[in-house]
Amino acid sequence: MDSFAPTKDDRFSFGLWTVGNPGRDPFGEAVRPVQDPNHLVRKLAECGAWGVNLHDNDLVPFGASASERDRIVGEFKATLEDSGMVVPMATTNLFSHPIFKDGGFTSNDPKVRAFGLQKTMDAIDLGVELGAKIYVFWGGREGTEADACRDPQEAMKRYRDGMNYLCSYVKDQGYDLKFALEAKPNEPRCDMYLATTGHMLHFIETLDHSEMVGVNPEVAHETMAGLSFTHGVAQAMEAGKLFHIDLNAQRIGRYDQDLRFGSEDLKQAFLLVRLLEGTSGSTPYDGPRHFDAHAYRTEDMDGVWEFAVGCMRTYNILRARARAFDADPEVRALTATITDDTLDPLLAAGYSSDNAAALRAVSIDVDATAARGLGYEIS
Amino acid sequence: MDSFAPTKDDRFSFGLWTVGNPGRDPFGEAVRPVQDPNHLVRKLAECGAWGVNLHDNDLVPFGASASERDRIVGEFKATLEDSGMVVPMATTNLFSHPIFKDGGFTSNDPKVRAFGLQKTMDAIDLGVELGAKIYVFWGGREGTEADACRDPQEAMKRYRDGMNYLCSYVKDQGYDLKFALEAKPNEPRCDMYLATTGHMLHFIETLDHSEMVGVNPEVAHETMAGLSFTHGVAQAMEAGKLFHIDLNAQRIGRYDQDLRFGSEDLKQAFLLVRLLEGTSGSTPYDGPRHFDAHAYRTEDMDGVWEFAVGCMRTYNILRARARAFDADPEVRALTATITDDTLDPLLAAGYSSDNAAALRAVSIDVDATAARGLGYEIS
Amino acid sequence: MDSFAPTKDDRFSFGLWTVGNPGRDPFGEAVRPVQDPNHLVRKLAECGAWGVNLHDNDLVPFGASASERDRIVGEFKATLEDSGMVVPMATTNLFSHPIFKDGGFTSNDPKVRAFGLQKTMDAIDLGVELGAKIYVFWGGREGTEADACRDPQEAMKRYRDGMNYLCSYVKDQGYDLKFALEAKPNEPRCDMYLATTGHMLHFIETLDHSEMVGVNPEVAHETMAGLSFTHGVAQAMEAGKLFHIDLNAQRIGRYDQDLRFGSEDLKQAFLLVRLLEGTSGSTPYDGPRHFDAHAYRTEDMDGVWEFAVGCMRTYNILRARARAFDADPEVRALTATITDDTLDPLLAAGYSSDNAAALRAVSIDVDATAARGLGYEIS
Amino acid sequence: MDSFAPTKDDRFSFGLWTVGNPGRDPFGEAVRPVQDPNHLVRKLAECGAWGVNLHDNDLVPFGASASERDRIVGEFKATLEDSGMVVPMATTNLFSHPIFKDGGFTSNDPKVRAFGLQKTMDAIDLGVELGAKIYVFWGGREGTEADACRDPQEAMKRYRDGMNYLCSYVKDQGYDLKFALEAKPNEPRCDMYLATTGHMLHFIETLDHSEMVGVNPEVAHETMAGLSFTHGVAQAMEAGKLFHIDLNAQRIGRYDQDLRFGSEDLKQAFLLVRLLEGTSGSTPYDGPRHFDAHAYRTEDMDGVWEFAVGCMRTYNILRARARAFDADPEVRALTATITDDTLDPLLAAGYSSDNAAALRAVSIDVDATAARGLGYEIS
């Protein structure tokens, strides 16, 4: 009996592109054969996953005919049904084909922008047909190598036009679908627009239908830039905008490693699970726990399934540790809110001329307050 | 006759803390004597600067009596008058004193939060008295070493409460003052809240009086994290939120170097000046060009003034180069908008059911579009 | 009974500058009072440490008279005796005083180079008097901001001249002392010479008395640059050059954080302890386990002592985990040497014309070898 | 007449894999067709290059028969002859095939190590047949994802065994060939052994035939880790170990970008050319100026040739600027050796008891020496 074994209630999901990743990298060829999507779904179900996510072309090849597409989708829906798996999220591949080499929605070329919209509307239809409630946008080519090629303000406008267009499409179709925007600072481009979850959160506020758009932060993407992932996620949660999340592991200042969740920077992984689960008392995240990771190139398919189970078990182990941490009386004492009978009501009351006068009149013992040790180095 | 010599029309400003920096660092003592603020103002005027900025304690020592404060301020105002210098921006030092060791507005301790508000209201009064129209907030201690000490969502709320309070104070006093928030990813804390200009732009949208709050991006702060500075600034400009800017230089993944503007990553400096000056056709930034930099520790005061002139001349040289670049016919041809008689009107019209049907019906030659070379490697 | 409590047999040491660190940083003043060195030694002894290390000026102020120096040293030796503590390592402060602002041994100015030698000879005498067997060199100012100021090849020569001079001094005095060189890529300078343990190891081979010179790698210094600390340490160990080690924690791409050992990147800390302790079967490191770390600025002196105990307990916990890991049969199976009856003797024999002909004649099943999964993603 | 146009005297070379790079990346398919090596050679000659370098499989496909190999090589030699091009350097592809997924020379599997030796001996034969005098080793797979899989000290030993074997092979064959080892900190592995040029320089000293082994530093590889490229190159030059160099451009903390030389961090590129050309008075580097870069994915083949010319012209422009810089009287004055009649002879004499006594007796005016400004912030 493994108390950390994944169950459907954990709502763990994997992309088809993750466990199906053949292990090609910039310096090496594939190390594993391409896998049939239906096989992947069945194996994920066996491992204890709840959902499977996909880019349009993970399932339906680029340029497939309508009848081929329908045949593939029909078989896949049957497999989902048989295996009891759901598709919580879908997305569009706007980065693999050379047509997107200098951008999708932000390209200088209207042909590329138009094709990006066509492809995404088709892919949204596909996602909705499969039951997806979340639609992710990762603008892998929205950025530059030669930055002088495009006014970055113009790029913002084009990006916004694209998102507004697609929001309207979803509403017009009556789809029950929300968008989740995924930031990344660089790679494959030298510099990408809307580099972090912070930039995305602001961009969303400028959209016509911002209420249906949130973020999909990815551990690896924020960590590449050395940013605190938990701070960015917390900002999104506090704003009610954490619609989806991509769990994996990454070292700072590297290429996009997409390593197994928890395999690097265990402390950040712990802090993240603690935040998502709300063990310290805040509202937990209730969306899918999605792993956007892939196994080492050293592995064959057996290793891939070990990897998948490892992602999920690590999450469950960290959840148990987070609960234990926040139940610990020493931790509780150290993180408890400090109260002050004079100041608390004054601060809670917010600004008014009178409140400010009262606040300014309070004499604070600066040296004593400064000297207090906070006990964070507890051994 | 130096055609790049700074003039008042260039609106260059320096902080008192920049040219007055004695060159102390974590591993070494001061290499230059502390300078009298009045002397710094007179020398900056000689060098061709237009403005001087300050933290409260750059001018008035922490804990000074009211009469001492008034005497110091009176003398400083006379010096400004004599030298024809203005104070475009002021700010609060909420980071040097040990009381702020675990945060100012986000501290767990209400005494610290209250003291932060008291100190800032006083410092706003000082800034306004000196003529400042922009008030900067850099939350140097708003972050953590031991991240478990505080729920980061709670930190967001406290930060917001602080900003709302102070916005109300400014409005209540009838001050003609805008706020500009300055992000930094780390240092002096391990991780700081609202790590980038993107995070700040979103945070501002959640404030009670967001219309009076914009950003003050700093080259060094975004560059530490390896982010494209111009992309972040462009996002702020496009949103009408670039209220101030801190110009300096920095290498990626280092401590906060605050080097002379243009002395590292010359291409980014060029792209930034091009963006601020709008030489490619976009609306230019019309605020102060502020240098938040300091001279190498190898320098005596003569070197400091060479440094100050160097910052300003470099900006002017880059402005001239940006104008020449965007006047070049080859550049114009490469960056010109691509037009398409069929697609342009369809894209410009935005979404409707009919427009979308028409857009989806357009057949795009994917291979031909993909094969087109864009000419960015022009030799 | 705490089974991880430090004992003298663990050979843990701290610098006076670590537990005595008052917590000043580039943006803030000291948060703790300066501590008497004798008090620090007594407290370290209480905490379970075995040794204490020092820079000359940690004990004897810069510019102290000979009699003052002797009085201080006499008292300190008595304290060491009383508390049963040793001084395993000493070093010179060649970075705090402004005279070193553009280098010590590599300065363009012969006055600075000469003063560096004078100061170091005095400091070596002090270290030897206190019983030190290891003398560390950290060239905190050996580098540049304005790199054009000095031919870096000339800097190598000057650095070597300095080290050769001091090696000869030690031999001439008949001291039983080895040197350990400590690399750092940047900070306080923009770029420092001999940036990593690898560069140092090579430099050592070019010295007149390389046999008495090894390295003192520091976790934080290699990690700043995102390098694998264990790989560098392993290279030094394999070469018999790991004479000392500085244990702490650091995030990649940051200022020099010197955090508590194990508090960041727990996996690297585990791998390091495993390597130092030789639990996988290799020869263990037998020198001091030195912590070059300091407590968070949030702490008072109680927190500093919690921090010190925490460094040592974390090491002991990781040692226990490393032993358990390498005793695990699954781990043993995965990391076992793969044998091949044909190839092993051919490879072991080394090169000869005949061996090479034989090796080339062996037919290797490339596809089968490539397809083998290595099992590193074990869940 | 373009005074910066490349000529044969400039000794510029490109890898077949650079101008022939089809632009595939981790997130996208090839954007340019695969090019015939003979065509590439003819075009490089037209552009003004002097040499072309190659991996074995850039010319001869993996697994080609002996007769196919000979036919290909024969045609290629004729093309070289016709176009007046040379092959100054060759190397082995020990990274693309899945057999190398967990290392070549350092693999745990003797089959892989043996195959690596077989393949490299064949590739050395090929390189020598084509006239190469330098043989590069880039150990793209010599490293780890799961670091616990192998004792890093054992990896050092295996790496050394491999290099010793191949040195002996070259000597035994009577080849006029030197080895140049190329370091990289990470990618494609998470962490690679011998991470920097410094680590390589030390490793070389441990080889049986170290005299025939030097380094091949690459701008991008050292820059990824934020290290000063010029410092590492200077250390190699000073040791007589700079046997080859890979010129390109890179931003710190990113994936391996291999951008056009000079297109990022122009100051470092300038300092590098200055060092290689010896314009400040030191001995110049006399080997090939090799570009290991590739054009943006936005480019078609026309853009690739613009890129190639751009690499070479940028080098020539920077050479001219370096000469002008070092001819400038102000620069000369700032970088001139400081002399001191008393100290210079004492320092030049090196250590003796008497010299040391004399040196210690000199009174140095510490405050005056410290106060001197060095003038590096010249405007």
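Each chain carries a letter (A, B, C and D) given by its place in the written order, and its residues are counted from 1.
The definition used in the following text is that a contact is a pair of C-beta atoms (placed from the backbone, for glycine too) under 8 Å apart; a residue touches a chain by one contact, two chains touch by 3 or more.
Being a predicted model, the structure only gives us computed values, none of them experimental.
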Open item on the list: I want to confirm something about chain A and chain D. Since they are copies of the same sequence, is their interface symmetric in residue numbering (over half shared, so same) or not (under half, so different)?
Closed with: same
Task: Inter-chain centre distance, chain A versus chain C - centres from mean C-alpha coordinates, in Å - done: 39
TODO: Provide the C-alpha centroid distance between chain C and chain D, rounded to the nearest whole angstrom.
DONE: 29
Open item on the list: For chain D, give me the residues that contact two or more of the other chains.
Closed with: 31, 97-98, 101-102, 145-146, 149, 186, 224, 226, 251-254, 296, 298, 370-372, 374, 376-377
Open item on the list: Is the chain-to-chain touch network here best called a line, a ring, a star, complete, or other?
Closed with: complete
- [ ] Name, in rising order, each residue of chain D that touches chain C in their complex.
- [x] 97-99, 101-102, 108-115, 117-118, 121, 145-157, 161, 164-166, 168-169, 172, 185-186, 191, 193-203, 205-206, 224-228, 230-232, 234-235, 237-239, 253, 271, 274-275, 280-282, 325, 331, 334-335, 337-340, 343-344, 346-347, 350-353, 356, 359-360, 362, 364-366, 369-372, 374, 376-377
- [ ] Enumerate the contact residues on chain C facing chain A in the complex.
- [x] 31, 226, 251-254, 260, 263-267, 295-296, 298-304, 306-307, 309-310, 313, 370-379
Open item on the list: Residue numbers of chain C touching chain B in their complex, please.
Closed with: 23-31, 95-98, 100-102, 140-141, 145-146, 149, 186-188, 190, 224, 226, 251-257, 259, 296-298
